[in-house]
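Input: one structure, supplied below.
Naming follows writing order (A, B, C and D), and every chain is counted from residue 1.
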Amino acid sequence: MATKAEVLDFIRVYADKMAEHRQELTDFDQAIGDGDHGINMSRGFKAVMEKLPTVEDKNIDDILKAVGMTLVSTVGGASGPLYGTAFMKAGAAVKGKEELSNDDIILAFDEAVGGIQFRGKAVEGEKTILDSMIPAINAIKASIAAGKSMTDALVDAEAAAWGGVEYTKTIIATKGRASYLGERSIGHQDPGATSMAYAFQAAREVAAKAGN
Amino acid sequence: MKKFINDVENVENEMLEGIVLAHPEYVARVEGFDVLVRADKKVGKVALVSGGGSGHEPSHGGFVGKGMLDGAVAGSVFTSPTPDQVFEAIKAVDAGEGVLLVIKNYTGDIMNFEMAAELAEAEGIKVANVVTNDDVAVEDSLYTTGRRGVAGTVFVHKIAGAKAEAGASLEEVKATAEKVIANVRTMGVALKPCTVPAAGKPGFELSEDEMELGIGIHGEPGTERKPIQTADEIVDYLMERILKDMDPKAGDEVAVMINGAGATPPMELYILNRRVQQILADKGVKVFKTFVGDYMTSIDMAGASITLLKLDAELKDLLLAQADTIGFKMY
Amino acid sequence: MKKFINDVENVENEMLEGIVLAHPEYVARVEGFDVLVRADKKVGKVALVSGGGSGHEPSHGGFVGKGMLDGAVAGSVFTSPTPDQVFEAIKAVDAGEGVLLVIKNYTGDIMNFEMAAELAEAEGIKVANVVTNDDVAVEDSLYTTGRRGVAGTVFVHKIAGAKAEAGASLEEVKATAEKVIANVRTMGVALKPCTVPAAGKPGFELSEDEMELGIGIHGEPGTERKPIQTADEIVDYLMERILKDMDPKAGDEVAVMINGAGATPPMELYILNRRVQQILADKGVKVFKTFVGDYMTSIDMAGASITLLKLDAELKDLLLAQADTIGFKMY
Amino acid sequence: MATKAEVLDFIRVYADKMAEHRQELTDFDQAIGDGDHGINMSRGFKAVMEKLPTVEDKNIDDILKAVGMTLVSTVGGASGPLYGTAFMKAGAAVKGKEELSNDDIILAFDEAVGGIQFRGKAVEGEKTILDSMIPAINAIKASIAAGKSMTDALVDAEAAAWGGVEYTKTIIATKGRASYLGERSIGHQDPGATSMAYAFQAAREVAAKAGN
């Protein structure tokens, strides 16, 4: 489960990570894209942090939707609509909730990944955000089904996410800007998959702190 | 990084301010947004909106005006503008006849413009879009997102803009835009990289004797990195790729654009043009009109692209139709 | 040296070939000479000839056409054209009403154009000349050859060209040109040097954090070399010098030109313009018209110059008069 | 005295020197001008060498005039009209001559320097061509008046010319492009004075070879 405070904490921790890894994500994008992913994500989450105080008294769904809208209107590029849609869809999935059960959390993740797939029309294995996100969500589901706590499930999720990031090094990009490189995209780690792995890292840290 | 800027966070905004202050007779800014629209809104016609990341000036704000665009949306440097910005542009220019969005084929641009179109349609505005993809450097296959939209987009603005100015319907303007897209091909080359202000360092590296063939307008890599060659050899390489793809016949008529990437002076563009014209003459392809200059730049990249547009009677008329914008004038 | 060229010995010639191939509707080449003239010779009017070293494109061939120049002479890069070339231009454009030579104030240009004028006069052609000297970076004193002619020269072409197009006499056109010269002031700045093809290496050196204030259009040194500053600070410095020299009063009207040196993209020029307009607004000086772009380049130098021209009713009319050239269009 | 063969030889030797010192002269011009003096002079004398075969059967004055006209029409910049005028005036001074007496030579030099002064409106001490040329001509006159041979007089002339070049390092330029530098032109050697000193060097070498 997750309280509203934890959701807010997750947003803040993730925003910090985007600022902290701005250069790293940009460097990854420089190798196979146009070198702005870290700039885009950190600009977006800086705006989220400015927005947050105005919505933190609202329900979780309103908070998530506000985050999504802020990302959509400040990130731009490919990642803006994708991350923005993910947060908006996650919000819509938990309408009216003041606290999230594990089922709510799983539903929110499912809706988020569905939103990304609707927008980006990609599937796993195309060297995108999905390559860390889908394995991570699958890991959560498996671990919760196996009776683990959400904290432990998120440990597994983060590991799966980083595994997905590693996997992106081995494949050709067929979506996004990196697809122009063809064969030459092999060997490089996908920036979007990487920024998504940090989302699971942030979730895992927050859950561990809260002890859920 | 050596640039005339004040604050990397603010280059796009200060640039837009500078444009409006310079050319109030051409463009106005939609307050609070990074959107430029015609100083005098034209009513009773289909409106054209284009845009993309900043750093391609005079694209796109420089083409707002009579006979071309009605609105242009400026994202952060090399980053697609967000849906709310595009939506604002659509609302500002719509005159009841519908709005055509001219989108360059990049995942980000398509998603952001599509979201904007959804917002506009929800408000009852008729919106259509076309996606430009003239860059022959990139293979158009199932395994890519398709070819990139590059300098040929300027011809789409010019010709679809003329069609709209002439009072055609949204469907007609869209069909004309698609005809241009079907007939325009481009390929580029870089000698020196560009520097995104917020990144502070060049986006790729080329050693003193290297060039990147098939470069994209955001410095995306191309087909080949090679030791630098003579202007004629470079043109031969680019033209071979373009001509292979578009295959004009003797007697066909084309428009030519030799586009500078930002840091390449006219002298070099004209030396490139010389060879382009020689090759076309040898093939018996007739050049109807040639454009040489900075139309779709990549900030301060040293490089150029060659664009050919195959013309029919309609496209010729529309290409020569009056246009009066900051960056493109035709009388 | 990274450039799109074939042979350093041949850049000027190949560039001229490229220009004529691109724009046959605007310019023709005087066979065997490095002279561009209007594609359709205008009769019954005073003719204007300008020129100088190559490397300043679109100056000067890019301003040949309706309402501006009748002929332009291109020397080697950064080297004044020779008298025989200028003489050929004079002969080609003279329509019996006399020829005005617009010369930038450099020893070489003056001597070569004067020798050409002597040759022309010996053949009975009426020739007059004006010397532009708008660069406030250089002191105009007994101990120098006077101020340099730089980007302000473009306003002389535009306005004297309009006067000639309107049918004024040689004396009248010359008087108008001199009025422009008396009222136009410029100062420039460089961030990165330019490379003359034949030299193969940059003409001067600036370290990664330096700029050269008061630079000339051939990379001649200026007033000061300083650590690089923000765009606004740089404009403040240049404007202080220009305003000190021309001292416009509140209510005065000016034209503004933000000229790029060749490798500086529009984005940065507009950021400079923003500050220029703020300063003028603060002083109550009215901006009648602003031009932003590459008008008088220094090959591939990264840099810019600011030009102010104080206007009266005559100059305003002539500035807005129709012009149709490759590099400058006004309708 | 000087035969036509020696005059032709002088032109060839000087042309070689302009090719040889192209970079050096350009470097000097880069410091205080626009970095083209060596390029200009070598381009001009390359054209002279192409022209020479078509005029070498003519009189000395025609040859000198042809050299001058070629320089005027190929050098450009400040040095083109100046060097061109100098050769044309020297030619006009020795009209009809098939061989030059010492008086002819001195007259030709005087006319040449007069032509440069007419065109360039400079006087000695302005950091120009004149600063090596005038001392060199004065040295010839003094040495011939003192009874020396032309070969020896040209040794003195070359020395005086280089002295003049050294002197240019100590003065402010008030003519030509270097004048924009004001005080900052001090310490630099004038490119035009240097190229003129090579003219006296060429003349000295040719005279020594001929043994006049």
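As a working rule, contacts are C-beta pairs under 8 Å (C-beta built on N, C-alpha and C of every residue); 3 or more make two chains touch, one makes a residue touch a chain.
Here is each chain with its UniProt name: A, D = Dihydroxyacetone kinase subunit L; B, C = Dihydroxyacetone kinase subunit DhaK.
Keep in mind that this is a model prediction, so the values were computed, not measured.
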| item | value |
| --- | --- |
| Touching both subunit A and subunit C (chains) | B |
| CA centroid of subunit A to CA centroid of subunit D, Å | 76 |
| Distance between chain centroids, defined by C-alpha means - subunit B, subunit D (Å) | 55 |
| Euclidean distance of C-alpha centroids - subunit B vs subunit C, Å | 29 |
| Subunit C and subunit D, separation of their C-alpha mean positions in angstrom | 33 |
| Overlap residues in subunit A, where contacts from two or more other chains coincide | none |
| Topology of the chain contact graph, where touching chains are joined (line, ring, star, complete, other) | line |
| Chain-chain contacts as defined at top | A-B, B-C, C-D |
| In the complex, subunit C residues that touch subunit D | 53, 75-85, 106-108, 111-112, 115, 138-139, 143-145, 148, 196, 198-199, 203-204, 216, 218-221 |
| Subunit D residues touching subunit C - in the complex, by the definition given at the top | 26, 30, 33-36, 39-40, 43, 72-82, 119-120, 172, 174-177, 179-182, 184 |
| Contact set on subunit C toward subunit B in their complex | 2-7, 11, 14-19, 21-23, 54-55, 57-58, 62, 191-192, 208, 211, 228, 230-232, 234, 256, 258, 262-274, 277, 290-292, 294, 297, 299-300, 302, 304, 324, 329, 331 |
